[in-house]
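Below, subunit A partners subunit B and then partners subunit C, in two separate complexes.
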Partner chain A sequence: MIREPNFQYPFLIGTIFLFAYLIVRIILWYIELSKYDKLRFIHFWKTKSVWAALKDAIADGLLHSSIFKKNLLLGYMHMSLAFGWFLLIVIGHLEVMVDRRSLNFPFYYAVFYRYYQPHPDFAGARVFGALMDLLLLIILSGVALAILKRIKKQIFGMKRTTKLKPFDKIALTSLWLIFPLRLLAESLSAAYYHNGSFMSNTLGAWFIQNVRVSAIYDLSWWLYSCSIGFFFIALPFSRYMHIPTEIVFIFLRHAGIMPKKYWNSYAQIQMYSCSRCGICLDACQLYEAGVSNVQSVYFLQYIRNNENVDKSLFGCLICGRCQEACPVHINLNDLRTALRIKASKPLTFSYGYTQMALQQKTDIIYFAGCMTHLTPPIKFSMARIFNFLGEKVWYMDEDKSICCGGPLMLAGQYDSASQLIQKNTELIMASGAKTLILSCPICYKAFREDYVLPGISIKFHAVYLNDMIRQGRLPKINLGFKTIYHDPCALGRGSKIYDEPRYVIDSYSQRMRLKKEKAEALCCGAGLGGINLPIETKNKVTFEAMTYFARFKPNVLITACPLCKKTFARDRRIPVIDIAELTARAIDEYVNEQKKSVREARLIES
Partner chain B sequence: MSTFDFLKVRRLYIDYDNLDQELLNEVIREEPSFQWCISCGCCTATCSAGNHTTFNIRRISLILRRGEIEGLEEELKKCMLCGKCTLVCPRDIQLRNVVMNIKKIVLKKKTA
Partner chain C sequence: MKKIAVIGGGIAGLEVSRLLLQEGLPVTLIEKGSRLGGNLRNYAHLFPDFTPSDEILGNYRFLPSNSDLQLLMNTQIESIDFSTQPYTLHSKDGIAIPADPLIIATGYQVFDAKLKEEFGYGIYDGVITSVELEKMIKQHHIVTPYGKIPRRIAFIHCVGSRDAKVGNSYCSRLCCITAIKQAIETKKLLPETEIFCFYIDLRMYGLTFEELYLNAQKEYNIQFVRGRLSETSEMIDKRLIIKAEDTLIGRPLQMKADMLVLMVGMEASDFSKQFAYHNGLEIGDHGFFQPLNQFNARSKSQKEGIFFAGTSIGPMSVAETIEHARAAALSAISYLKDKEY
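For the complex of A and B:
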């Protein structure tokens, strides 16, 4: 018996609107991609990466495995809603297919199946009924958790959760209402026809005794349909746009499309992929220091709402902790840099004054960089190491130094940075060198990402030292220190160099393991990305980081960045040295021991 | 710009009638630490751009205080924003932000 009701229309309108909107949106995004990105994307469908993308889409989009790894309860909440709903749709359709033994039925039929089919008597009807009830129960538990999270976030081990804008609240409410309303409608149906399962039948029995079911039966289905329709219409304008966008993003990412220096549709897709889960809030050290408007989740929200972002755009240290924590893998640093470039385009700099330094022909160039010039012990230690190794090195920026362009890039001055990059490139290429050694991670990142130096291997000094120790050209000697290694942001998260410095330090001292290290390492607080951060805030970040290190009571704190060294050295609790200084000390110790043993040998001889 | 040389001072008096502190006030509003400047010159001593040219960030700070904002933005184009001045400043002035803000405000005035 199928009655012809009208309540499916709100649902139908919502669904048609949503799909039409999404199709137009995705086509527009695709058109805006660059020519090469389009080719990449077309070629991608012929490669095996499609399967990896599909796997990721299921793992991240439906199961939310990335959030699971970070936070079990939060992961369950997201999974129960996303995967639960997905299964509810799929199994709901299967149920109808099995019942009607055909594929020919309107697609909304499965959504309101309990209404259309009061007497399911096909084989397996009970199993399907139980399964659907179970799925609904799982989703309802997710909704309950979501409500609980809004009320008491501490249960989730989260220190904070995101603030909502009015439109999000409307979408959120309609999403939360969908499933209780479905339960209500199905229970009322079960009250009449007993066509539900363990949950809806029990509730139905209660309803028939206590409520006049006939009065609210149709209304309940109307409300259920309206809540879905309303949610679908609100979706594109609320944070739930992340659900479809994230899938698009995963496929584009696997197609090998990279973030650009300018704001394009890929950046826009990434922006819409943010689910505002708030995991980045807990990762941000600035939150601890009292800044609460620069965090990635808010920052992306401001751009979406076309609000003034100038303050929060330039008030971030670009340390990359949020990017590591992000369960959606959004390239947050690149998004910020692209926007900075866009925002500071009219401010121009020009460096016509930079003169060519004296050209030298060498194999190895050492580029100290501005920050190393401010921490001379690092420079001298490098000289000591090169001396010991007997390498002839050109100290490229010893006098008349030119900046590498990294700090300009962080400030969004892409064109100005290009001038410096060109100058340095000319100098380096003319020298005929094979290796370029850098002792500043900011320079290293700039050279690696923004320079084109064919035939020259760009090496960070810690990597170079690691090579030398492994080749046996530098001695291994225990200096008897208890040390902690601090990963500089631009080296660790920025350039993914974690193990080489550790090997060098392990060769000379006893390194303690920390909980917050490698990708989760703390920022020193002086990152050159933080343009308009007040000094008090920066100092607070430094103090908190140092407090964390001091708990381990090391003899020395070792870092591989002159800027980190300079910043941490202001705090007197732990002496700070660079990895080059540690190596130089080890060399001195080794040379002294050699001299001593020669002297002793001579004494014995005489 | 040779007229910007610290040794070639155009006049030794400050004309208070023409004193225009609007830019200075706006910069201080954006970066309050700028008011702590004691003109010690550490920033200029360490400056990478100053090593190549007569670029003198201390002088910029001084003439900004005198309200002489002519040619200021042009002179600031030499800055490489490397941040050494910020690190050596004994009064913790965020000079990178000061430079960016002077340029931004001058540009805003030009376009307005």
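For the complex of A and C:
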């Protein structure tokens, strides 16, 4: 018996609106992509990357495997809601198909199936019934956990959760209401017809005894339909837009589309993919230093709501810890940089002095960079190493130095940075060099990402030193230190160089393992991105990081960035040296020992 | 044991003790080193009128012989026990000293110029600090590390002050006028030597400072360049090359010099910071002790019975230190009187 009710209309309106909105939105996004990105995306469907994208869409979008890595309970909460609801829809439709032995039925039948089908007597009806009840139970447990998380976030391994805007709260409430209302409606159905399973039938039996079911039966289905309809209409304007957008983002990412220096639709897609889960909040060291409004989740929220972002845009160290922690893998640093470029007025500085540098013919170029010039021992150590190796090197910026352009790029000064990049490119290409060696990770990142230097291998000094040790051209010698290695942001998270510096340090000292290292390494607090941050805040970040290192009681703290070195050295609790200085010391030690053994050999002879 | 305790035997601690003893109040004066006089002993003459610093220190010559003063030298205080009345200070060697009230006169230390590696201190021998130059002035003997008379000296202002990159954003106030004083003294000793001062801007806050600055230019031919030093390097003959920007003409500048004098700023002493950290005393954003307010309670702390004297709360000249120490002594006296009633 199928009655013809009207309660499906709120659901239908919501669904049609949502799908129409999404289709238009996705088409607009696609149109705005650059010509090459469009070609990439079209070609992508012919490649095997589609399967990888599909796998990621399931793993991240539905199962939330990245969140499981942070905390099991938090992962379960997200998975039960996303994957549970997904299965509820899929199995719900299967159930209708099996029952009606047809694919031809209105799509909303499955949503209200317990209303339309009071007497399910097809083969497997009981299995479907139990499965549907089980899925609903799983989702409800997720909702319960989500409510619990708002009250006691510590259980979920989180120190903080995001502050919500009123509209988000409405959307959140409507989402949470969908499932209890479905349970209510289905249980009332079961009260009449006993067409449910273990949960709805039990509840139904209770209802029939205690409540006048006929008075609220239709109402319950209306409410259920309204809650879905309302949620679907609210979705594009709330944070839940991340649900469809994340899938789009995953496919575009696998198609090889890269973030740009300007704000485009790919950036917008990434922005909408943020679920505001708040995992980035705990990753941010600025939170400990008393800054609670610049974190990525808020920064993305401000842009979405067209609020003033100046403070959060320039008040971030761009250390990348949030990007590593982000379960959606949003390119947060690139988004910030692109917006900085958009928000910055061009500088009126003259770069006339860049004409002064002289060109030389060479095989190897060493570009010290501004920060290495401000930490001369690193520069001397590099000279000592090149001398020992007998390499002829052109110290490109020894006298008249031109900046690599990295700091200007981080400040959003694209045009000025481009001028410097062009001049450096001319100098390097004219030298005929094969290798460019850098001792500053900020320079290294800039050269790797913003320069086009065909035929030239760009090497960070730690990687070069590691090569030389591997080739036996640099000695291995234990200097007897207990050391800690600090991953500089631009080198570790920024350029994914984690192992080579460690190999070098292990060749000379006893390195201690930390919990917060590699991708989770702390920022020194002086990141060049932190343009608007007050010095007191940066000092607090430095102090906290140094306090963490001091717990391990190392003899020396080793880093591979002149800026980190300079910043940590101020604290004075642990001596700080660069990896080049460590290597130079090892060379000196080795040379001394050689001399000693020669002398001893002579003594024995005489 | 006596009841009032003063930590720090520099001029602030000495002046506080002197005044309290004058009022007939017994004092325990605690000094971590082996000599009294603190940082002032590093200076030959004082700005703006070239008074010998020994003259000021001489005022305290008879203080140690006062029978009401208990002097504890080579004693480093580690902690305060707030649970006892009066408070009890515990030294590293296990001495317990009652303190009611306690006056903290732990002073300052100069900025460690090695942290500004690009200026070359500790790397190139020709780079010295203003403290080292003052010693040379005291001995009337200014030479380069290679025993030569410097033909050109560059004074670099604001080393470790007004420099966010080293974590100190505040102005130490005294270095500008000290540089001018030292430049004049150097010129008096070495009339043939060229002297350049590199400054951000000159803060001549005292009544007669501006005259001294004009005099330095007119009578002593000392040259002033507005611009910060960017980096130092060394030539084969051990002379120095300095790179800076002359911000008045807006151009980069390179100069050779035989000697570089870094005008190191004032910082809260490591001891003060550690002491405050371990005993829950309030420290301001710049690392110095935080007084109750900046107007009429500059010598009072947030805690009852604890007072500050001198540069433990921020950079001060000798005259200001002595005045502030007197204010601290007065606060301590009225605190004791209030307690009696």
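Operating definition for what follows: the second predicted complex is superposed on the first by the 600 of 606 C-alpha atoms of A that agree within 3 Å, B and C clash if a C-alpha of one lies under 4 Å from a C-alpha of the other, contacts with A are read in each partner's own complex, and residues count from 1 in each chain.
As a convention for this text, contacts are C-beta pairs under 8 Å (C-beta built on N, C-alpha and C of every residue); 3 or more make two chains touch, one makes a residue touch a chain.
Please read these numbers as outputs of a predicted model, since none were measured by experiment.
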| item | value |
| --- | --- |
| Contacts of A:K553 with subunit B and subunit C, given as first, second, both or neither | neither |
| Which superposed partner A:L420 touches (first subunit B, second subunit C, both, neither) | first |
| Partner chain in contact with A:K596 - subunit B first, subunit C second, else both or neither | neither |
| Partner chain(s) touched by A:K345 [first = subunit B, second = subunit C, both, neither] | neither |
| First (subunit B), second (subunit C), both or neither touched by A:N532 | first |
| Which superposed partner A:H373 touches (first subunit B, second subunit C, both, neither) | both |
| Larger contact residue set on subunit A - subunit B or subunit C | B |
| Contacts of A:A569 with subunit B and subunit C, given as first, second, both or neither | second |
| Shared subunit A surface residues [contacts with subunit B and with subunit C] | 353, 373-374, 526, 535, 566 |
| Parts of subunit A lying in touch with subunit B, wherever the complex brings them together | 314, 344, 346-351, 353-355, 370-371, 373-374, 399-403, 407-408, 411, 413, 420, 526, 528, 531-535, 563, 566 |
| Residue ranges of subunit C touching subunit A (in the complex, touch as defined) | 112, 115, 117-118, 120, 123, 164-167, 169, 231, 233, 252, 270, 285 |
| Touching residues on subunit B, where the partner in the complex is subunit A | 30-33, 46, 48-49, 51-53, 76-84, 87-88, 92, 94, 96-97, 100, 103-104, 107 |
| Residues of subunit A touching subunit C in the complex | 353, 373-377, 526, 535-536, 538-539, 542, 566, 569-570, 572 |
